[in-house]
Structures are given as structure tokens and as C-alpha cells.
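As written, the chain order gives the labels A, B, C and D, with residue 1 at the start of each chain.
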Amino acid sequence: MSKFENIAQCVLDGEFKKVKGLVNKAMDDGAKPMDIINEGLIGGMNLVTPLFKTGEMFVPEVMKSAKTMNIGMELLKEHIKEGDLVTKGVIVTGTVKGDLHDIGKNLVGMMLESSGYTVIDLGTDIEPEDFLKAIEEQKPDIIGMSALLTTTMMNIKETIDFLQEKGVRDKVKIMIGGAPISQEFADQVGADGYGEDAAAAVELCDSLLSEKAHA
Amino acid sequence: MKKSFTQLAYKDLNDFVYGSCPNPVTTKSGLVIGGGTIYPELNFTLPGMNIDENSVKDAYKIYADIINGALKRAHELYAPGVVLELETLVNFTENPKWGIEVNRIILDIMKEYADKYGLKTALRATLNDTREMSRPPVMRSGKYWDGMIEAFEGCARDGADFLSIESTGGKELHDDALVNAEIKQVIFSLGVLAARDMEFLWGHLVDIADRNNCYAAGDSSCGFANTAMVLAERGFIPKSFAAVVRVATASRALVAYEMGAVGPSKDCEYAGPYIKAITGTPISAEGKSAACAHFSPVGNISAAVADLWSNESVQQVKLLSDYAPIVSMEQLIYDCRLMNEATKQGMNVQFRDLLVESDSPLDVHAYVLRPDFVFDISKELVKEQNPFLRTKLAAQLAVEGLKKGIADGKVSADKRDNKYLDIMARELDEIPEDPMEFYNDIKEDLDESKYLPGEYLIGEATSV
Amino acid sequence: MKKSFTQLAYKDLNDFVYGSCPNPVTTKSGLVIGGGTIYPELNFTLPGMNIDENSVKDAYKIYADIINGALKRAHELYAPGVVLELETLVNFTENPKWGIEVNRIILDIMKEYADKYGLKTALRATLNDTREMSRPPVMRSGKYWDGMIEAFEGCARDGADFLSIESTGGKELHDDALVNAEIKQVIFSLGVLAARDMEFLWGHLVDIADRNNCYAAGDSSCGFANTAMVLAERGFIPKSFAAVVRVATASRALVAYEMGAVGPSKDCEYAGPYIKAITGTPISAEGKSAACAHFSPVGNISAAVADLWSNESVQQVKLLSDYAPIVSMEQLIYDCRLMNEATKQGMNVQFRDLLVESDSPLDVHAYVLRPDFVFDISKELVKEQNPFLRTKLAAQLAVEGLKKGIADGKVSADKRDNKYLDIMARELDEIPEDPMEFYNDIKEDLDESKYLPGEYLIGEATSV
Amino acid sequence: MSKFENIAQCVLDGEFKKVKGLVNKAMDDGAKPMDIINEGLIGGMNLVTPLFKTGEMFVPEVMKSAKTMNIGMELLKEHIKEGDLVTKGVIVTGTVKGDLHDIGKNLVGMMLESSGYTVIDLGTDIEPEDFLKAIEEQKPDIIGMSALLTTTMMNIKETIDFLQEKGVRDKVKIMIGGAPISQEFADQVGADGYGEDAAAAVELCDSLLSEKAHA
């Protein structure tokens, strides 16, 4: 990995203005695009995630690192074959019916993207029908639902019941979150997991998908 | 018609203390808020439940249970007075009849306790700002606006003492500004979008209050500064950034008072001390008593100049003693009792300083609430009447004050705070005097899909 | 071997203040309880769940979650130190292995926070007194006694700092005495039965503590005086009756210290000020911070001379911010911060007096906790070494003191309180000096089916 | 009612040493025993209950009134026919398995007895089987169960489920109480009602039995 340490460091530092130059130089030096990606760009992001978890990096810093990685990716995209780049998984997010509070959900989305997931955000105030549609069309691995109010949290249950009824519940893992949500509530309504905050949500997705892989 | 505040409401820092203010307000029951006594303000919410045509009746019953339980305890503990805050949930503003009905139920129970026990109470009706239900938000018309105004009218007409809101104009851009720690976008959201929306909204609310014999009380920057504080408490953004945002929101909140609001400000408006220093109106505050709703680094200091002391919000869930709102009521009453006893013994300034000194050296967010810090910044803010420039100025003064406080060893800071303060200082300096020039500068960094410039008169002639 | 306390531990009322005491104790982590700083003491319990062989593992996890959450918040709020109280539920004393395992889990997490953050913590193991599981209770042998002693041994051996209990000897008669407001039966239950059981029990507990390098901390009269207070708060019995019972329990609680306990007393021992005045040991207390567990008329005054400040107990339920034990932790830390700031500024006596004056004129139960009232009564109690006569004396002095306080207008009382104080005065006077004579006097009023006289050495030779 | 006002007042005042004399005098004056009972003794207790509810009487005072009434009853018993005296209902009480806290339960029992109910107390730490046995043998109208601990409250549910399983659940009304208990919990576990304290429990029994009468 030492060969692309400068690129990894550039991602870690979120120096998004410098990454193009470094990637171009590596290409000029004859490096393979997939090596630059895996060891440099993703390698850099892999340093970021644990630092965020332990509180040594702030969200805006993670955002800058992700932006830096993405700029590098954009540059290399045309040089690699489609299918070489694999996502860690597809995640559909949304706040449930009646709920407008989306800063937490958006944070989760950003952190998941930074960690290598593909995130499809449905937005706020999402009807059960729209979650169903997203499952059918996007074939996500995980659905993430959130609610910030005691009077909307029960719509999480309603949505899960609706998906059950429509026979698609078991096609996805469901994770939930929001201020009034707890692990007990997640157990009660039949969700697969509860993420206390953005950092926890990333860990939760990792573990849900490894469960899925072993199932 | 617009008021301007061109000098501090206080001459002496020692008059700037909890429980009293230069411009107290008197409720229908005769409570004088800011007249020397600090009173509890209880907030409460429903437990986990769905609300629809059928279940709303259950919700009415739960609200009645909450108020009965809380007022019973207030009576048993000889509370000299209590303010209740009904903060509606989305459904209750969207369906104004429901919100108005809950407001009425609470007023009826208040009357019962007044008749039976002579308990003095007052009601704050805080309507949920539903305008953000449309994405991008439609701020000045449409069904959400109409429903919200109908709810305000109904609650005011039926006898609420205070009208409040946590208005959300500009929040649609401010959220992203926070998680990316972009101070320029913060200033644009607060100083341009939010301020313009406040002017529009509070023109209407003051009018409703005046026509219905109640008080236009004020507007919390909850969705802005408290979101920042919670993100910082979770370690997601720098504490210094959140603290600077806090001070910047003071300028936004002031717009309501320029439009005619008279207080008491809302509990979660932690920039309340700035409002009180500048306008002399009473303020509400929350700190350790609100740990049931969110954590904070300002548990004591937030009480230092408060006129009402609140628990922010708690669901009707059972604890070992009884339901959580009754627990909050008991805690608030004891806190207020202690503070009022200090006043009675002529020790309120010393008590205020204990509250201040216990928190302010430990955290930058607490530090910006120090009464002397508030005074120093407020003295400068009253020189600037333009809300946009005042927002920028507030942030600049906060950055400077924090840098000095850290350098002097008066407040401990995260080792990364200095870096963020330097970045903020530099970026704030780059902001031009003219809002439209500023807009053009940062336009490409804004997510155009998220907001409607026209709702904020951008591109049109404006007083801002 | 038995200690006697023949004079007050204090010369000056102004030294009798929260956070410090003549005989502080130092925990394994180096916290000095009573050495100048008041620390939070957090108590916690499981949410609604069944406990059996299978689910006990879930319970272990919940306990771990509680401690992790609470210590994280303590660290974030820069708490100078924290005491945790594990108060076992019946099942965890009945099955000592379970209780010992939870004790160990907590100690492990405490160590983690010490290693990672330098957070100073200490653990109080309070084992549930299961002896009353047999009806009538068997106090000195049998499987419940054996299991309880095994649990104490295990918790002490593994590293708990303090051993405590809310022992129940005599409660089997005291409950009826309370609901019938029979002061003679109260004196018999507390002064004869409870005191004799305490002597027996604390002989064993002090021995366990000594052999395991931990502190025998003290025994709360929870089932006696707090039951009385809660009944009075509900309006079931007169407040003056409950207040007199409170003072009477001081004599019972003292027996543990005569047998060698060194404190800190348990949080819910509201007669703690009497213990502190007489023995000079540190005490724990709970007031408004414990509203989650029960209401009280002594929310502030209970803190006046406390060395630990507790929330009594709260289940692991989710509030809007987070789980309830974390909420308690935040509130306790802020309360302690404020009190410690007052100490730092040399204002602890003034702060104590604010706590005192804010509650004591409003309620007789608060009035008997006034430091001067405590001093006056304690000065007399140290002249009487016989626990039975000391219990009677405590009640008599409380009645007298309350009558005077009410007559002087220093404390407001229910219009019916005078009548009850008169009845108590008369009945207390009728109690003879000799416990066996007293026993024969009231024997026929006692429900013989409820207790075993032999377990209290009644009819046998005794030092009492 | 004015004829037996002195007896009613004596009950209200809890003057248990004076009641014998007053009852004897009424008998000597030729009053009918059932009139003395209904208008004097029970009439007195009927004054007590509302005063307790509004907090104007303490529990020990209610206890003394009940004692006074009972002394009068004892005196009159031999003069009336069996069956003339009707109980308001039979109530079986107990704390559930694992729970020792009985002061609340005992208070409820005393207040119910004072209000004219027959109370059969099973005691503390009562197994579901023993509640079943009591239903079969005592044929109560209401079962009152209490729990003071979060770790024993679930035994309320266990007991109700057990009674359901044994087919006797619907033979009785079930009321529950104790510190961690709430109306929501009562609804969840399928109890018929929740009594917050001794005063509430009496009201609850009255309303459960009037429901039962109308069912």
C-alpha cells in the first residue's frame, strides 16, 4: 500500500483540490487504475471510517474525504471496466409518513456513501407504498427508515407490516432510527436493527450484510 | 411599525439576572413573567402512537391526563405559578381543529385548578411550522400556511396567553451547512433566508396576537442552533462551530421582537440571553431540566438569566414514581424554588454567577452564554440594524470572543477548535456587505433543488 | 466491639455542610467521599422483564448498556467522579451467582473507563433483603439468609467499594402501624425489632467488609420512613406522622454505625443528616433528582448536607434524548457541579441555607431535616445509648420540635397536624422504660401471625 | 335517615368504643336491625368513602370508621337473617410471583372492605396456580394483582395468560396495580383495569362490577 500512500493521505486529509494532480501523476507513472482506486482512494477512506467512529474526525471532515475520493474516482472511471467497481450494498432511505425531520437520515446517508454503500434517498414523509416500489425497482439490500416524533414512529410499524403483507419483507434487511426509537422498539416492530446515530448505522449495515451473506 | 433596538436594555450587568427583566409581561391569571419570580414552564408530548380521526380522541384524553397530573403536583408543591407549553405535533397543525381542541382542553383544566385551588397558570401555544411539509418549502401561501395561521387564530381566540413557533425558514439550506461546517452558508441561511421569513411570519403573528388579546412571545432557533448543539454533543461537528452558530442565531431571533413580539422567548432559544439583553423582554430557558429531551453542555448556565425554566419536552411514559411530565414538573418546581429563595435573600446575582461559573470554563458552548460575554457582543449588535450584517457580525464577535477566551485559559476547548475558529474567521471576513453580492458568490455551493428563492424575495426589491 | 456515640461529631453548625464530613472514606479509585466534593451516585434498574435462567443473560447485557451509557456521559461532562449503586432485585439475591455476576460486569466497565479516560468511579453493592420472602420472616438463618450473605461475600470479594442494604427487620409489623397511624407500634417495630435485627445483621456485614477490604456503608430505613413519606404524599396518612417516623428511624439506622459501618449512608436514608451529625460519616441523599423514583416534599433540603447525590432508581426506558439512567446521570452531574462551585467560592454554607430555606417552611417533613433541627435533636440522642429508648426519645423530640415550629409559624402544616401531634405526644409518654413491659402492654394489638418473636430474641436474655 | 344519625356520625368519627351503646339503645327503642345497619352503620360508612376520595379523611381514620361499623355489625348479626346482608362483591387479592411488596395491596384490601366488599387476601409471592385455585374455590367477582418491581410486573401477564389458557379468564374481572404499572400496561396484558392507588381501586371495582352487571 505504501506506493499510493500519498493519495490515501490526500483522501484522509480531504484535500479535494490536490487529488486530481496526484491521481494523474500515478497514471503517468504507469500505475493500474484499479490499484490506485483500491490502495489509494478506497485505502484512504478506509483510514477515515475508524477515525470517525472513535470521534477523531468530524462529519465535515469525512465529507471532504469522500468528496476527495469521488473526484479521484470520476477521473479513473473511464479507465476501468464496468463491474470492476463493486458497491458494498444498496441502501434505500427515507423518513416515514408524516415525518419531516431528515437531518439524521441525511447524515446516515452521507456516512454510508462515504463507507462505500450506494444510497438511494426517497426523502421525507414517505408512504409505505413508495418503500414497496423502491424495493421492487431498486432491489436494495437494506431499507433505512427514520422517525423523530412519537406520533410518527408507529408509521415504521405500519410500513413494515405493509411490506410483510405484500410479501417482500424478507427480501430486505430493515434498519430504523430516530430520537424516540430504541432497540426494544425495533424488536417489537420486527425491524432487523436499530442505529443510534450515523456512526452506529454504518456498523449496523456492515453487520446486517454479513449476516445476510452467511444466511 | 418595525421597532429597532439601538441600545442595550440594561445599564448594569448586575441587573441582568434570572426572574426579572425591564419589560415583564402579565398573563391572564396575573402571573408577572420577568417580574422578580422565575416560574416553571412544562412541555409534554404524546407517547408513541398514530394520530388519525379515530385515535385523536385518545390523544385528547392523554393530553388531559398530562395536564391534570402535572397541575395536581404543582398544587401539592405550592408552586406560585406554572406556565404550560402546548407544542403541537405536525398532525395537530395540519388539522387545525385538533390543535385548537387540545389548546381548549388544556385551558379548561387550567381554569378548574384556578377555581378549585387558586393555582395560577398560563398557556403558551407553540404551533408546529408545517410549511416545510412541501419540499422545497412554500413559505408564504398554500394549505400549510393557511392551516398554521388558522391554528394560531383558534388558539389565540380561545385564550392562550402566548403564541410561539420554531419557524423553519432557511432551515432547508442550514442543515447541509451544519453537517459540512460551512459558516458562509450558515450566515446566508440565517441572515438572509431565515431573517426574511421571520419578518413576513411575525408580521402576521403579532397581528393575530393583537387582535386576540394575547402575547406574541417569540420564535426559537431550535432547528438551527439546537441541531448544531446536538450534532456537536454527539461529536459530529466541532463544538466551537456550534457555539458560533448559537450566537449567530441571536440576530435571527431578534427579528420577531423587531416585528412586535414581547416575550417570553421560547425555552429552547438558548440565545435568549442576547434577546433579553437587547430587548429587555423575559425569556424562557432549559438546561439540566431538559435532559429528558436532549443532552447539553449548558445544564446550569442556561438558567442564569431565565425568567421561565423548562423541561423542553417529555413523553407521557411511566417512570417508577409516575408519568414523566409529573416528574419534570416536580424537578422544575424545586429548581425554581431554590432560585427564588436566593432572590428573596438578596443573593440572586451570586446564585447567577454560580450557575455561570459552574459550566462556562468547561465548554465553549457554555462560554458564549456567560452574561458578560452576552453583554459585550450585544453592545455591538445593537449598532447594526441590518439582520444579514448583524448575523455576520454576531458570528465574527463570537469567533473573536472564543479565541480570546481559549487563549486566556478561561474556557477549555478541544484541540481542534482553534483550527475551526481560524477557518471561520477567515471565511466570515470574505463575506461581502451586500446580500445579493454574497448570494452570487455562494450560489453554486447551494443545493438549488432544496429551496425556492422567490419565497425569500431573492431577486426582488427588499428592505433587507 | 460496639462503638458508642456520646457526643456530636461537630462543634459548629457551619461545618455541617454538603460535600465534607469529619470522617471521609476513600474509595479504591481514590475518590474521597466527604472530603470536600459532592459526587453523583447513580442508581438504575431493569425495564419490565421476567428473570429466569435464560433471560438473565439479557439482564446482564442491559446492566452493561446502562453502565456504558452512564459512564460515557459522565466522561463527556467532565465529572470529577461518580458512584454507582447496584441495588439487586429479589432474584439476584435469591440466586447470588446472578447478583455477583452483575456486580462483576459493572466493575469491569468501571475499570475500562478508568483505563481509557481516567474516570474515577466507585461501586456500592446493595443487596436486597430477601429474608422477608418467608412469611413470617426468618431473620437469622435459612436459605434466604444464606443466599444473601453469599451475595455480599461475592460482591465484596470481587471489588465493590461499599456494602449496603435496606434491611427489613420489624417491617412486618411497621406496615400496619403506618396505615393505622399507631405510633406505639412504630416505636416497637423500630426500637425493638428493627434495632435488634440491625445489631445481628451488621455484625455480619462489618465482618464481611473487613475481610474483603471494602466499607460497610450503612442501612436505609427505606421500608419504614420512605413508605411513610410516600403514604403521606398520597394523602393517606398525616404528614406530621410521617415526619415523626422519619426522625425515629435515625435511631434504628445508627445501630449499623455502632456495629462498625463507616458510610456513606444509603441515598434513600433521609435521616442521613442525623447520622452525619452524630457519627461524622459521609452520607448519600436524594431529592428532586429522585423524582423519577418517587415524589417528595424535600427536593432541595435533602441535599443540604449530602456527600453523594442520587437519583434513587430509574428503569432503562427510552426518553426523547436517550435512556433514563443517562438522563439522571446528566442531571446529577449538573446539580453537583453547582454545589461544588459554591464550595469553591466559599459559599457552601450560604448555598446549604438556600436549599434549607427553600423547602423547610412549606412542609413538616422538610422541616425535620433542617440542619439546626437535626443538631438540636441529635445533641439529645447521643445521651441515650439504648436503641429502644433512643427511638422513643427521637419521636418525642420530633413531636415537640414540630409543635414549636408550627406554633412559631416557621413551618406551615395541615390543619389536622396539631391533632395528630397531640395524640402522638400522649401515646409516646405512655411508653414505659422497659422494652419487655412495653411489649406486654401492646402485645394484644400486634398481629402475632405476622412475625416470629424469637427472631428478635423476645423472651430471651438480650443487651437491649 | 335522621333517626340513626347519631350512629352514622359515630361511624364517621370512628368512635369504636361508643358504638355498642348507641346500637343497643336503638334496639331498646325498638328499631329494626336492618334499618340500624343500612341507615346507621352503612349510612355512616357511605359518608366516609367520599371524604377519603377528596383527601379529607386519612386511611387510619377510615380504618377506625370501618372498625366501628364492624363492631356494630357483630352486635346485630344474630338478630338478622342470613342473606339479608349482601356484599358488594368478592375480591381476591395477592402480589404476583416473586413480589413481596404488599403494603399497597393491603391498603387496597382495607379500603375495599371498608367500602362493603368481601376481600380474600392470598398474600405475597402468589403462583398463577394459586390464583386459579382461588377462582375455582372462592368464585370471586374480581381478582386484584399487584407488582412493585419491573422484574415481577411481567408475572402479571404470565398469570393472566395462565388463567386464559385454563379457560377461567372470563369468569372474573382482573384489576392490577403497583408502582411500575400503568393503564397502557394493563391494556397490553389484557387486564380489565388499573388502579393507581387505594382510592382509585375502590372506584375501579365499583365500575368493573357495574359493567359486569350490565354485560
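One rule holds for everything that comes next: contacts are C-beta pairs under 8 Å (C-beta built on N, C-alpha and C of every residue); 3 or more make two chains touch, one makes a residue touch a chain.
Only a predicted model underlies this, so the values are computations on that prediction, with no experimental measurement involved.
Note on chain placement: the centre of chain A and the centre of chain D lie 61 Å apart, centres being C-alpha means.
Between chain B and chain D, the centres computed from C-alpha atoms are 51 Å apart.
Averaged C-alpha coordinates give centres for chain C and chain D that are 33 Å from one another. Annotation for chain C: residues 45, 47, 315, 320-321 touch two or more other chains. Multi-chain contact residues of chain A (touching two or more other chains): 150, 180, 185. Viewed as a contact network, the protein chains fit none of the simple shapes, being neither a path, a ring, a star nor fully connected. According to the touch criterion at the top of this document, the contacting chain pairs are A-B, A-C, B-C, B-D, C-D.
Looking at the complex, you find that chain D touches chain C at residues 55, 58-60, 63, 98-100, 102-103, 106-107, 110, 123-125, 149-155, 158, 180, 185, 197-198.
Partner chain D is touched in their complex by these residues of chain B: 47, 318, 320-321, 323.
By the touch rule above, chain B contacts chain A in their complex via residues 45-51, 89-91, 132-133, 135, 175-176, 178-182, 227, 231, 234-238, 315, 416.
Chain B meets chain C in the complex at residues 45, 73, 76-78, 233, 287-289, 291-295, 297, 299-300, 313-315, 317, 319-322, 324, 326-327, 330-331, 333-335, 337-338, 340-342, 345, 347, 350-351, 353-355, 357-359, 362. Residue ranges of chain A in contact with chain C, taken from their complex: 150, 179-182, 184-185.
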